[in-house]
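In this document, chain identifiers A, B and C correspond to the written order of the chains, with residue numbering beginning at 1 in each.
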Amino acid sequence: MTPDELYRTVMTVDPPATETPFEAATREFLFGQVWNRPGLSIRDRRLVSLACVAAADATGPIDDHVYAALRSADLTIEQLNEATLHFAVYCGWPKASHLETTVRVQWHRVHAERGEQPEPWPTLTADDLGPADRDERISLGQKEFVDVNGVPAPPSDSPYFHSGILNFVFGHVWRRPGLSRRDRRLVTIPCVGLSDAATPIASHVGSALETGDLTYDEMQEIILQFSAYYGFAKGQALHDAAERWRASKT
Amino acid sequence: MTPDELYRTVMTVDPPATETPFEAATREFLFGQVWNRPGLSIRDRRLVSLACVAAADATGPIDDHVYAALRSADLTIEQLNEATLHFAVYCGWPKASHLETTVRVQWHRVHAERGEQPEPWPTLTADDLGPADRDERISLGQKEFVDVNGVPAPPSDSPYFHSGILNFVFGHVWRRPGLSRRDRRLVTIPCVGLSDAATPIASHVGSALETGDLTYDEMQEIILQFSAYYGFAKGQALHDAAERWRASKT
Amino acid sequence: MTPDELYRTVMTVDPPATETPFEAATREFLFGQVWNRPGLSIRDRRLVSLACVAAADATGPIDDHVYAALRSADLTIEQLNEATLHFAVYCGWPKASHLETTVRVQWHRVHAERGEQPEPWPTLTADDLGPADRDERISLGQKEFVDVNGVPAPPSDSPYFHSGILNFVFGHVWRRPGLSRRDRRLVTIPCVGLSDAATPIASHVGSALETGDLTYDEMQEIILQFSAYYGFAKGQALHDAAERWRASKT
């Protein structure tokens, strides 16, 4: 596809004219080269890009990417809502608050443009909060932590680990239906990358590869997609983590 | 106090020589002016600064500020652990992971330097996770949301609000003992400030003032402490929110 | 110059009254001390500060700094447009998208205030995208990488390096006319600093000094300007990188 065709496919609207170096490079590099690459589907690239634009507080791009995700039907409203919660965990609640609002607004916009009433908003029940028993939560969290990270669960002896990591992040969020574990990795990896957290970068890049949820070639595509959207400066650390994992295999 | 004396009080070690413009400005501006101001205690300023250095991924300053908080006894190990969980919620788990590790390392360092065995690490129980009943959690979360934010609770109809905001953030974290609501605001305000999240900035700055948890003059000190550590560029949005609140009162 | 005079010179408007600790510190510290220092021109400091406010998503300061850069004629519209593209590479497209829009808005504002029609917007041609031949791009990228970084080019064996670093970042962006290599460093160094990217911090600070594009004293001024706008917490890592380079020379 030409850059303009790919822009239309990804963003679901006609491409604007390119008048500045930024706009010309956006069209040629982002759409002509990055989104055009094989190795990762456009849907997968959307999850990576959504995390990046949401973290970057870029209100215009957040609107555009959420709208395009819904309009293309690449992501359902349930999936976008799940991605928002997952993003909140890894990039913090304040940034996710804006994303949450945007999803609601764009959901109505997509239907309004089609002259439709929005489908009923998905309902949630107490069961969606996972098991109530607190010991069971910790126990499930320990198991999920091992499954996702491929290393032993941390001690349950600080609020961060006990109430946070084991009870909520792994005891609940990663175990929720609605997004596959692979999908959750597509949100998590850009988030740890932009957070510059050395240990989480190493553990999430390494475990995604180790579990086979993502191939090495897919990881390379994620890193390029991330670098294009969140900058090559931060991309380097993800790239180094992938290379360290590969080196450890030979 | 002179800048050097204040450096010694805050950082609990002798000030190094200042050889570069950065070092000289750090000493004169941060310690000679900002930390030296009345209107907010050094302990309060520590909570603001800890959130800033942890968010900035500044490994050296994170070590130094955690060490000084423990060595000065301004914050107990329980309080630092609570602050880590609260920080995780607002700035994301990846950055908090590094802070969690640092607290453990510096806790041992402080005791080792005194030739002491560390006191027993605080133990946690299932009760520390709050009520198990899921409807009760949501109900408590709605009440806490209103108390903290001074606005109606959001609908419980998306994973972000249901599982996240109501069940976990307000149904549990804000209600935990160990840090007062005022202390939690001293962590939250820098976190929403550095996250550039317009709605959370307005709601957290406004509600801290509206509830009287923080006075307008204290808020001004928080904003200056934040700006010194996380930059005047981001400080502007916090400042604007405080001014808008004040204008709404006249 | 007094802080007020310097404010007028830098921001090109009359200084507002200072009523809060934040405003007073901004005036006295930023304008009375930082912008007032010798060793780096105001134009150079503008490029550093622009990168900082754009990365900080500080919409008010972004407006003010872009306006002042154009109104002072310290930066031409072509240079600002180039700086936007360069910033996009290092801090990501979403944040740059807002800067791009701001440049257009302020460009019209500056002319409108003077009662002028804006000069014709600079036109771009396909040639501005650099050589089309892909092998030539990679080859030019490898050469430019060596020239800028002073270390061997990376292997062209991952999408990040092949399509990203060699083809686009060094094969095209750094080679564009419109900004000198030194100017591009004034944008790059704050971007790698605020991104907390350890390897890029070391390589860009070190290579700017090693090539002589920036002197050690100029680097110190950049670090202080950066710290004022993006915080002393993050300034530390740039400072440490400069000190490590100096130590390696003795």
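Here are some notes:
Quick note on the criterion: a contact is a pair of C-beta atoms (placed from the backbone, for glycine too) under 8 Å apart; a residue touches a chain by one contact, two chains touch by 3 or more.
The chain lineup, named per UniProt: A, B, C = Carboxymuconolactone decarboxylase family protein.
Keep in mind that what you see is a predicted model, and the values were worked out from it rather than measured.
Relative orientation of subunit A with respect to subunit B corresponds to a rotation of 180°, obtained by superposing CA atoms and rounded to a multiple of 5. Comparing the CA-atom centres of all chains against that of subunit B, the greatest distance is found for C. For the self-contact between subunit B and subunit C, the two sides draw on mostly identical residue numbers; the shared fraction is above half. Chain centres here are Cα means. That of subunit A falls 27 Å from that of subunit B. Averaged C-alpha coordinates give centres for subunit B and subunit C that are 30 Å from one another. Residue numbers of subunit B whose C-beta contacts span two or more other chains: 57, 196. Considering their complex, residues 20-23, 25-26, 29-30, 33-34, 37, 39, 52-53, 55-58, 60-61, 196, 220-221, 223-224, 227-237, 239-240, 242-243 of subunit B touch subunit C.
Listed in rising order, the residues of subunit C touching subunit A in the complex are 57, 81-82, 84-85, 88-98, 100-101, 103, 121-122, 124, 128-129, 158-161, 163-165, 167-169, 172-173, 176, 178, 191-192, 195-200.
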